[in-house]
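Both of the next two complexes hold chain A, though its partner changes from chain B to chain C.
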Partner chain A sequence: MTAHVPRMIPKGRIDSFLESLGVPVAVPVALNGTGDIDFRIMEKPVAATAACAESYVNSAISPLKFAYPQTQVLWRFHTKPEIEVIPPAAPRELAIFGIRSCDVSAFRYLEHFFAREPKDDLFAATAAKILLISVTCQEPDENCFCVCCDGGPFLDRKFDVQLTDLGDSYLFEIGSAKGEAAAATGERFLEPAPDGAIRKKEELHEATLRKFVVTSHMATGIRKLTARKVPDALWRRMAARCSECGGCAFVCPMCTCFDVSDQRETADSGRRERCWDCCQYSGYSREASGYNPRDEKVSRFKRRFTHKLSYYYVQADGVHGCVGCGRCIQACFGKVDMPGVVNALRTETIV
Partner chain B sequence: MAVNLYAPDLARITEITSETSDVKTFALEWPGKEMKQRFKTLPGQFIEASVPGVGEAPFGVASSYDRDGEFDITVRAVGNVTRAMHELRPGDLLGIRGPLGNSFPHEIARGKIPLFVAGGIGLPPLRSLIHYMLARKKEFPHLTILYGARTPSDLVYKDELKVWAGDPSIDLHISVDVGEEGWTGNVGLVTELFKEIRPDYSKVAAYVCGPPIMIHFVILKLLELGVPEQMIISTLERHMKCGVGKCGHCAIGHRYVCTDGPVFSYAQIRELEWQAGEKAT
Partner chain C sequence: MSEGPGGYLICGYCGCGCGLHLDYDGAGAIGVIPSNSHPVSGGRLCRRGWTIHRTLADSGRIRAPLAKGKREIGWDESFALAASKLKSTPPQQIGIIASPTSTNESLFLLGKLARAVLGTNNIDFPGRQAVVPTQILLSKVGEIACTISDLDGADLIITIGLSDEDRAPQIAPRIWNAIRRGAAVLAVDGRPGDLFSEAALVLSPKPHTDHAWIEAVGARLSPRFPTSGSAEEKRAETGIPAEAIEKTAALIRDAKRIAWIYDASALGRLADARSIVALSRLLGWCRSEKEWVGVLPIVERNNTLGALDMGIAPDLLPGWRSIRDRAAARKVEGEWHVQIPQTDGLDLRSMIDAATHREIRCLLVVGDLGSCADPSAEEIRRALRELEFLIAIESFPSPLTENADLILARLLPGEVKGTYTSTEGRIQATHSSLPSRNPQEWTIFAEIAERLGADWGYGGLEPVMDEIGRLVPEYAEAKAAPPQGVVRSLWGDDAFDSVEEPRPIPVETADTDFPLVLCVERTYQPFHMDSDLLRSPLMRRELAIQPNEPHIFLNPDDARAAKIRDGAKATLRSRAGAGSVRVRCDSEIARGSVILPEIYHGAMGEVLGERPVDAATGRRLYPARAVTVQAN
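After this line comes the complex of A and B, so read on.
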């Protein structure tokens, strides 16, 4: 891809730009009551879009749910007069506005993971229709540690379009052919970036890096775990803190495990669907015979962090299994979240 | 072609054989020309069978790919899907995805002594390789088969076992854990059967399939007898849900039993266990 001349988009034009794309847009919205942020699909972008994107750190659930939904129909069936297999509904186009860099990084990992042979054509078809318009983070949350995971807060690549708040306007960067097409469609709302805009972004990036509270020594965690230098007693102490709620897996944008089940809709029709699953559940590896290779909690706990941190996975995937979004810190009341575990692996003490 | 990676094609059941009180063998064929030509299984590969509305479960293909467009699976009724399969009749359709996974390395047994050790419902996947070798007598002139089951009634392929027993190219030894009235054969664990054979174990290519606990003890026995680690071939049993390396349930370390296996040599299993930091068998 050719290098792109950076552009600007005045904040007042964001809604018009999004509308010009002609597709539904998912935007971050504050939920009543909790104040948590979640992404919702708006058939028409709302006026508050830009303001909302500025005022939030990250959503409670990753917007990756649009590419890899919690529950997804794999296929449908009739059983009368004979079995017939029916394709699921075709995925529709969607732009995600305000996605954060960590989730953009996770999105690319999911694309890589599901593209491994044999390719998940259902995921590929869904992801191919999604345009990522990210907004870089300048005010990381107290739980954020993307800076330790190559997950953010600003990205050089992986995004389709990356916006950086420069005051009255966003710096508008293009990172893919999809982003290029979006820029061409909404060309009339964009302006050339003034001299120094990229330098300004770099300064903001530098300033943001100094604001992070959590640090996680991922490389040390990877090394100790891969070399089998973690004492069993430490695994047991960490596992004892896990209440097997599954929260870490369900908020993790890098988690891909799913369960498969059939749902009958009438006596002779229904659907097969997949639903997010969690490797910490005792039934996760249990077989119909009752045999369960991971019937002990500690083996499931070890499994989770081996998947996230083992160098063998890093070799296969090019990345470790964490983008530093910090959601597991919020979800885990046993404090065996990713930075907590990495710290324990490193120091052999549990906070 | 199936609708997507997770959607099955439909095969028709041509025959159902009752093997034991809870085991049936389903002979299947592809109605369409396309699948007949496309569906070629190597010995040791598996399929995912679907009963729409109930679910899907993995089964080792029990027949050799030499049978064009037809194949067998042997199914013990143990869970929801398998119980629903046992309700099916000849002529019914069954959803099939596959063939999936890797296969038994048969080439390592060329010029060696092929030894099969099966426990219970572990014989069906090995049967695919046994058929394959029986059809290639020049390459594999002599097979030794050790087969153990809980009781005489739990032995599968009883008619075929009689044929094998009378085949001079097959040395068949059977044992049951618990005898029954009229049973005059061996009583004891399958590992006891090693007393009845005297091969040069340094030249053995061993194929082991059965419940995890049986595999564990058979492998220990083979190592004790001097079979090299890379010549002990087994299958790892894990809950293979999607069968295509995505759902995560069958993962051990960074390997997926469904796509990297289910067949592994003991040397590979040992390496995998070290990398994963957990026991694989």
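After this line comes the complex of A and C, so read on.
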């Protein structure tokens, strides 16, 4: 892909641009009068941005759920008149508008993870149809720490289309072939970027970096954990605060584990489905014999953060297992979320 | 865009009342979105909340009304059948067993159906008697109930019998916050879990001896505190060392703002009137000496409090008014345009007993009775066999539906519309938007009532809530409340102002032949009581326990001493009898104790022997039994 000249898109043209793509659009909406944000698909993208929650920071669950849903049918089957396995319907195209940089970063990791052998064809086929139109963050939430994880708030790569709010218009940057195709389709709604637009974006980026509240010294955490310099007593104290609710894994856009189960629908038919799973659950590591190599909560807890932070995995995957979206801070009962644990590893105290 | 297509739900699996949204793909619920803005849950959900959507899709569900022989019938036919059987049965021979998991609207209309249409006060719900001690406590101490958020303002949090944090998961963040803020936490528990690993002090009194440690602490705080024996006798009775009593008194003495949380359905703790009376005295002292005192009883089910508020009891009207309170009864009669029976009805145990003796002929039961401990599963089985007609409103096949003459398909928490009242008295609406072939539970009662000649004519939930609001004013405000609801606690009402003279509960102690003490507790297994939760494959995997295979928990050292390995089968023996169990080792169990999860109380009936009834509360208690565990 060649380097792209940045463009602008007036805010009033966003709806028309999205409509020109000719695909359903997922946008962040405030749910049921609660102010809680989730991404939902607008079948008619006209006025999609009107449905968008105003001044939202991020959604309770990552919009990556469209590529990797909480529960997903892998295939259906029936045994009469003869045994037949029916694959799920072909994934359809989708644009996700308003996705944040942290989730874009996580999306790229999931593509990498599920592409490894044995390749996850269902994920690959679904993800291939998804266009990410991200909007950079200028007002991070009190839980956000993407700045510590190379997860945002602005990206210089990984995105398809990245929008930055410059007032009446967005700066429109293209980062992939999918983004390029989208720009070509909606070309008539784009304008050339004026001089200084990129500089303005960089100033906004700098200003945003100063607004973060949470700090998570990931490098120190990785070093301490990789060198196995974490006292057992500290692991035990941290694990004691874990309620084993599974929330950290379910809200984490970088978590990939799932469980597979079969559901009978009628006497002659059923479905196989997968659903998100969590490594903090006691049944997660239990073997068929009943033996559980990680029977103790502390060993599961240690394992989770080792997988997320140990250099072994960083080396294998190219990234550590966190993009700093801050959702685990919200979900955790005992504040043993990512920054909480990293800071405990660093200072050997729990706050 | 304001409406999430799956709807906004209040979780139906414990009393916390957490908020969540369902994710819906057009074919069914595919996920759960936690509500970050919810004042209690704030984006935190436990395992049960996170897997709500998975129970909905289970293929084993009862999907349509079924007549005898599991013959599928239409709803119209089923309403007519239910109405004709109820009509042909004399009111005193009808029993209604409601569910503390139903919505307030559904409970209210079931109460109205019983009293105004069928003419019986024979209405109750499983677990009601467990909260009688709390009714007594809070009516003695006055308006003292606090909310979960109030815990963040306490400088001392005292928890009693809260060992398993699954009982009320939203307490955990408040405990850790207290530790972080430097507030003290005092846990009274025979099996203190990780939640109390950083508590200032853990007391582990012997079962049924809470009155003793409370009196011993009270005596340290005030020379005028009434006790029934010397400090030394109290300490011996409860098994707590003198320095721990002293430290407890010091913690209470030094604190300015004290929150007390306890498991209102605890089995071995605060279960008897004696302990409740002692605690009410201690709370009274705290109230006069401290800046602030709050009490948070943790109820067992998501709408236990709502069931009480709606008058689901043989002697109560909506709003906790006594059935004998004529002014209150007249108000209800004015609203319902009918005279209601004036004598107390039968409670659950009496209904089951009456059914066994064929004095109750027709029983309508909502939800699963299988987990009911009082009366026992065996007593229920015997009674069901004698019934002329059993109407079961249930979601999944159960021992109850096996015996039913008419099964009406019940919606699951993920599909229900209406309001629940949480353990802190928060009245909030749950409104699933999932399509369902089956009617909402409240409409079942309305349809039956109409067929019995009543002219209710509710067009929707709103007029039902309006009527509730007129009879229970605390609920009037709930209608206009935001999604997060309003907190209106009716605890502390004056309907329960008398307590019979408490009598001691017999407590066996260990000896050389029976060196361990058996305690019945609710453990992780409350999940078993929510049988629909087991329909989630993930929850089934997590439990990995066969519901029909009784097991006990032992300290690993006690297990080693008895030469029993983790997972082995063994014989549990008391002076009353013996039973076969599987042993699970757990280092959280205090040495010398054997914990039997309550769900196995039926299978271990021989070991438990005679269960004494606490005269003041009417509750059948679990005696502490000296036992031995022998390898098979």
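The rule is simple: the second predicted complex is superposed on the first by the 341 of 351 C-alpha atoms of A that agree within 3 Å, B and C clash if a C-alpha of one lies under 4 Å from a C-alpha of the other, contacts with A are read in each partner's own complex, and residues count from 1 in each chain.
Here, contacts are C-beta pairs under 8 Å (C-beta built on N, C-alpha and C of every residue); 3 or more make two chains touch, one makes a residue touch a chain.
Everything numeric in this text was worked out from a predicted model, so none of it was measured.
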Worksheet item: Based on the superposition on chain A, does the combination of chain B and chain C result in a clash or a fit?
Response: fit
Discussion item. One more residue to check, A:V342. First (chain B), second (chain C), both or neither?
Written reply: neither
Worksheet item: Looking at the overlay, does A:A316 come into contact with chain B only (first), chain C only (second), both, or neither?
Response: first
Item to complete: Return first, second, both or neither, reflecting whether A:C102 touches chain B, chain C, both chains, or no partner chain.
Response: neither
Item to complete: Between the centres of chain B and chain C, viewed from chain A's Cα centre, what angle do you get? Round it to the nearest 10 degrees, please.
Response: 80
Worksheet item: Between chain B (first) and chain C (second), which does A:C257 come into contact with in this model arrangement: first, second, both, or neither?
Response: first
Item to complete: Give one of first, second, both or neither to describe whether A:R303 is in contact with chain B, with chain C, with both, or with none.
Response: first
Item to complete: Give one of first, second, both or neither to describe whether A:R286 is in contact with chain B, with chain C, with both, or with none.
Response: both
Worksheet item: Is A:D277 in contact with chain B, with chain C, with both, or with neither (first, second, both, neither)?
Response: both
Practice prompt. Using the superposition on chain A described above, determine whether A:P87 touches chain B (first), chain C (second), both, or neither.
Written response: first
Worksheet item: In the superposed model, how near does chain B get to chain C, counting Cα atoms only, in Å?
Response: 11
Response to the item:
The shared contact residues of chain A with chain B and chain C are 259, 261, 264, 270, 277, 286
Fill in: Interfacial residue positions of chain B with respect to chain A in the complex
2-8, 10, 50, 52-57, 78-82, 93, 95, 211-212, 237-239, 241-242, 244-249, 251, 253-254, 259, 274-279
Practice prompt. Show which residues of chain A lie in contact with chain C when the two form their complex.
Written response: 29-36, 38, 40, 42, 51, 60-61, 65, 69-72, 237, 239-247, 250-251, 259, 261, 263-266, 270, 275, 277, 281-283, 286, 290, 297, 330-335, 351
Worksheet, complete the sentence: In their shared complex, chain A is touched by residues of chain C numbered 1-5, 7-8, 19, 21, 23, 25, 30-38, 42-47, 50, 53-54, 57-59, 165, 169, 172-173, 176, 180, 194-195, 197-198, 431, 482-484, 537-538, 541-542, 544, 567
Worksheet entry | Contacting residues of chain A [partner chain B, same complex] | 74-75, 77, 79, 82-83, 85-88, 113-114, 116, 118-122, 225, 228, 256-262, 264, 270, 272, 274, 277, 279, 284-289, 291, 293-294, 299, 302-303, 306-307, 310, 312-313, 315-316
